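What follows is chain A paired twice: with chain B in the first complex and chain C in the second.
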Partner chain A sequence: MNSQIFHPFVLPFVLGMAFVLTYCLVGLIRVILQLPKDDRKQFLRSLVTPKTAWANIRDLFGDCLFHVKIWKRNPLLGYMHSAIAFGWFMIIVIGHIMLFTLKPLEGVEVEGFARTFTNFYYPIFFKYFAEETPVFAFLMDFFLLMIISGILIAVVKKIHSKIVGVKRVTKFGFADNMIRFALWTIFPFRLIAEKTNIMAFWWLYSIDLLIFMFMLPFTRYMHIPTEALFILMRHAGLNAREPRKGYALAQLYSCPSCGLCIDACPMSVNDKMSGNTSAYFMKKLRNKDSDEAKRIAETCLMCGKCVMVCPVSIESCDIKFSQRAAVPYEIHSDHSYLDVISTEAQRSGEISSKDKVLYFAGCMTQLTPKIMRAMKQIMETAGEEYEFLDKDGGICCGRPMLLSGKTAEAQAMIAKNTELIKKSGAKKLVLSCPICYKVFKEEYHLEGIEIQHHTQYINELIKNGKLKVNKTDVNYVYHDPCELGRAFGVYDEPREVIENVGNLLKAKSEKELSICCGGSLGSFNLTQKERDEITSNSVADLMFNNPDEIVTACPLCLKTFARKSPVPVKDIAELFVVHQA
Partner chain B sequence: MDFGFCLSPSSHVKMDSVDLTTFNHLKETNPDINTCIACGSCTATCTAGNFTEMSFRRILLMLQRGKEEEAKKMIQRCMLCGKCTLVCPRGINIRKILLDITR
Partner chain C sequence: MKENILIIGGGAAGMEAATQLQKMGLTPIIVEKSEHLGGHIAQWDRLFPAFHPAKDVVDQMLNQVKDVKTYLNTEVTDIQRNSDGFKAILSNNETIDAKAVILATGFDIFKAERKQEYGYGIYNNVMTSVELENFFRTGNDARINNPKKIGFVHCVGARDVKVCNTYCSKVCCTTALKQACEIKEVFPDAEVYTFYMDLRMFGPGYEDLYLKTQKDFDVKCVRGRVCEVSEDMDGKLVIKAEDTLFGKPLKMTLDVLVLMCSMEKNKSIDVIQQKLGVANNSDGFMQNKDMYLGMNGTAQDGVFVAGACTAPKSLPDTIGEARSVATQVFNYINSK
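Up next, the complex of A and B:
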């Protein structure tokens, strides 16, 4: 202990702190001003709404402080992150409590809480300036050692990432590597300085803090302050409208480039393609590398798995959407021919307003007629009154057009389909294609009409006893289509149907972790060869328990898997044809 | 005066004088199109082709003849549904090529 109240070595820290605080304040104001007016109102209102306020508090503690989501993914990785982040937080908090309880110091007039402002560098360099009480001294040492244990794991992770269950890690540039080195050395320096009281180490410790805080805004560690803002905005229910503005900007800076999405991404089958993952997209977009950001946005399969595994819950697919819309393709679409399209029933004037089922196959099902035949047989066997909306070829549901970022053109198709559906007078709409299902659920306004995917419809018919099936001992494995599973959580209905006709085996990755088949319409750039690699990987994952057949609920998955699968691939509707009682 | 018949202008394309910059550029960026066998699967499955004259095979032919404007006009009918890409026996990413032509 030195009976001083100031020493020049605190200056680097003070400088760094002032810089970071100013940067964050300016950034905060900028992001809020960039929000569209309605969004800004919605955001500010959400801060005082009890329900969102509670969710805010819960997630601020759960995500920013305790890192619950990382613990759930891998306990060792969770400990590594918590040890450093939570430990650091605790030594700052305890430092301030000590400052608060300190007896009046010689030459210091302010007391209690006010000291946080006049002597705010005290808690950071506590041992140099003041004596600690034994309990606090123990706590401080405990948390400091906890941080150092976390850093040790981080060093081992750098050499051998598999110990924390991570196969591929993000490749960093110079700045990110340098700040990481600064972070790793801050705490050993502090420990040595505290124990030996050698001035050189106090200086090193302070300069390290300056380097860390000066580089923070330009590196991935900016996620530390930004994540708090992002959590508040996410709970306000905002949408990313422009790729580098407002809410999207908050998300870009919240991405810690941890790389958990790299292992999750279906494209990570080889090193080259793993560069197309969300971690890199966010980095390129943040660094204003717009050509690369555009390329990755257009290459992405839009399967949504990265959003599912993200420990920060960053909605990277939405940002990719806004990126696509920001640089649209120059097709000046002319879909005037849509006006004259009508259905067979409408032309013959046989429109009844009875309770009937409207079946819309969609483009992809038109390419797999066996699904249409199976659906016809199912509806006829169950004695359902039905109308086949696109019997002689309908128009596209609009999702591919939306995926290309051309919203207005997609809305034209949506309007035409809505008109055809409403004119049919049906009360229930059954779809065979999850791609259609997603857009019908999200973009169409079909009040009073129940929208079902055929997995839900068939399950309902079996439960009602309208369909009778035989149970056999064929071993099936079910592939969750991205747009049915991850997007809407339809996991149970198809599994119930399969359990009615055979044994259901587990795939290696299931439900929200299911791997995209590789055929997704979301990607514009992937070549057939690259898609085939993704498909092979996905098939290998499904074949984990050696099933006799692969079952899926998406015509596109069906066609894609059929190219690479060693066993027969069937749509869930076809199972009925095989197992009809 | 109407004779009930007329002379139609020649549809002869002088290959020496057509401008093939777009097509050549397309061949460079998407070498896939060199493998096209003009089987017409893309045209047969086309969602827009069901209602209009839209045909990718013809678009490629138009570009080879330097009729760029006609090709671009036809592309406007596309709904980007991706069926053409899916059925192509040569694995050509047709949807991307359509988008690249207009870029």
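Up next, the complex of A and C:
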């Protein structure tokens, strides 16, 4: 114990802390000011709404401190993160509690204004200035050792990432490597300083803190303060509107570049393509490397798996959409034909009974006539009254235009389709294509009309006895299309249908972790060869348990897999044709 | 000098190579997996560009190989290299010792079901070029019932990244025009359309055939691909295509649609090919030594290739290659 209230070695820390707090405060104000007016109101209101406030508290602790999502993925990786984050948090908290419990500090009388000043750095260098009670001393040492154990795992992970179940890690530049080294050394220095009281180590400890805090805003560790803001904004239900402003900016700074999305990304079949993953996109966009950010945004398949595995829940696909929308692509589309389009029933004036089912095949299903034919057979066998909305080739659902950020063009098609659907008088709309399904669910306002994908529709018909099928010994594996599974959680209905007609085997990666087929409309510039590599990898994953046939529920996945699959690939609707009782 | 040369495949390439090798005093042995010699060409009715009967050519070739030792309904099940050359085991358990091997395994027809949007196997009246040729040869096909409107789709399974085949299949353009003329001969009142990307009339008399198709037979050639096919209530085919010269989409109702299926590598030889150490090229066909002077050689000493096993080829191309492979093998044996 040293009977003094100040020593020059605290200055580096104080300087660093002042810098980082100022930076964060300015950044916070900037992000909030960048929000569109409505979003800002929504955000501020959410802070005082009890429901979101509770979710905020839950996630601030769960995500920032305990890293629940990383624990779920790999316990060792989870321990590593929470040991460092939670341990550090506890040291600071206990340090502050000690300040209040040891009042007045032994040997040193600090009063009034000086007290608030010393409080700033006292807990950080506590052992130099004051003596702890045994209980606190134990707690402090315990958490310090916990942090160091986390750092030890981090060092091992750096050398051999597979130990925490990670195959590919993010490649870092000089600044990120340097701050990491600073972070790794802070706590060992503190431990040595506390135990030996050698001045040099107090200085090293403090200077390390300065380096860490000074570099923090310019490196991935900025996610530590920003994630808190991001959680609040996410719970407020905001959407990223511009790629580097407001909510999107908060997300860019919240990305820890942990690289968990790299292994998850279907493009990571080789080193070159793994550079197209979200971790790099966020980094490039944040570092204003706009050419690369634009390229990656256009390359992405938009399968959403990175969003699903992200421990911070960053909505990287939305940011990529906003990036695409910011680029004025030269698309000259002529939508004058929309005025003259009507359906067969409307032309013949046969409108409408109430229980009618409206079937919309969509352009991809038009290219896979087996699915259309199967759907017709299903609806006719089940005795359903139905109308085929796009029998003569209808209007696109709008998804491709939305994917390229062309909202106005998409809205023109959406408006016309909405009109056709409402005029039909049907109460149910059945879609064969998950791409259409997503758009109809999210972008259309079809109040009073139930929207179903045909997996749900067929399952319902089997359940209520309208369709009869035979169970056989054929071994099937089911591929979850991205826009049916991850986007809407339709996992059970297709599996129930398959279990009615055969044995359902598991794929290596299923449901949320299902791998994109490689044919996605989402990507603008992947070459066919690159897509083929993705497809082969996805097929291999499905073939894990040697099924007799692959079943999917998306015409695009079907066509894509059929090119590379060693076994027949079928749409779920085609199963009925084979197994009809 | 009596040296065994094993020829795998008894189509045009295999037969012609055997003929020449025999004349050179070597002993060719043909192993053919099907029940007859002649390969695809034996199933053909007439040949472009002059509508010459295929049977005429095939019969001449058969006549030339009548003394060549031939195994029908037989496949090579195993092959090994030894100090004398090669030892092959056949599916009838016989063993052949040979100094050299010629792979003349030819091609397979692209499976039209893989282009589901064209509706083959789904709609009754969609047929392949091979089936149409069979109709010309036999006069029997339930689908062809006095059609009024017939369409041909070029490049089915060729020049199409979506089916992983980026190469041109070389003969389908001319075949389509030949068949278009022939169907007009049978049904003079029918309207005939062909949908092409560009017409590759590369040989002597081919361009003349193209002019004749339009002038004498009034076949309408539309530059543009068919994108999708559906069926109307009467079972007629409704196609959507683009006329790229007019820059407009078009929709048409047809009685019969003929798909000009491409050539793909004959995969039934893959195991033996692998045992011989012959790789595939980027189109999935066999890789020859080089495209020019080494077109009949492979990376493996004593293993030769001829005909459509290295790329899609016309009949004259194939015969030329078969003759050249015979010379190469003759030189190879003499240099030993």
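Heads up, the rule we're going with is that the second predicted complex is superposed on the first by the 564 of 581 C-alpha atoms of A that agree within 3 Å, B and C clash if a C-alpha of one lies under 4 Å from a C-alpha of the other, contacts with A are read in each partner's own complex, and residues count from 1 in each chain.
The working rule: a residue touches a chain if its C-beta (ideal position, glycine included) is under 8 Å from a C-beta of that chain, and two chains touch if they have at least 3 such contacts.
Please read these numbers as outputs of a predicted model, since none were measured by experiment.
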Superposed partners chain B and chain C on chain A - clash or fit: clash
Which of chain B and chain C A:G393 touches, first, second, both or neither: both
Touching partner for A:K559 - first (chain B), second (chain C), both, neither: both
First (chain B), second (chain C), both or neither touched by A:Q323: neither
Partner chain in contact with A:Y337 - chain B first, chain C second, else both or neither: first
First (chain B), second (chain C), both or neither touched by A:T219: neither
Contacts of A:T455 with chain B and chain C, given as first, second, both or neither: neither
Broader residue contact with chain A after superposition on the shared chain, chain B or chain C: B
Chain B versus chain C as contact partner of A:L367, first or second or both or neither: both
Superposition clash, chain B against chain C - the stretch among 39-47, 75-83 or 93-101 that is involved: 39-47
Where chain A meets both chain C and chain B, residue numbers: 366-367, 393, 528, 559
Of chain A, residues touching chain B in the complex: 329-335, 337-338, 340-341, 363-364, 366-367, 392-396, 400-401, 403-404, 413, 519, 521, 524-529, 556, 559
Touch list for chain A against partner chain C, complex: 366-370, 372-373, 393, 528, 532, 559, 562-563
Complex contacts: residues of chain B adjacent to chain A: 32, 45, 47-48, 50-52, 73, 75-83, 86-87, 91-93, 95-96, 98-99, 102-103
For the chain C and chain A complex, residues of the former touching the latter: 114, 116-117, 119, 122-123, 161-164, 227-231, 240
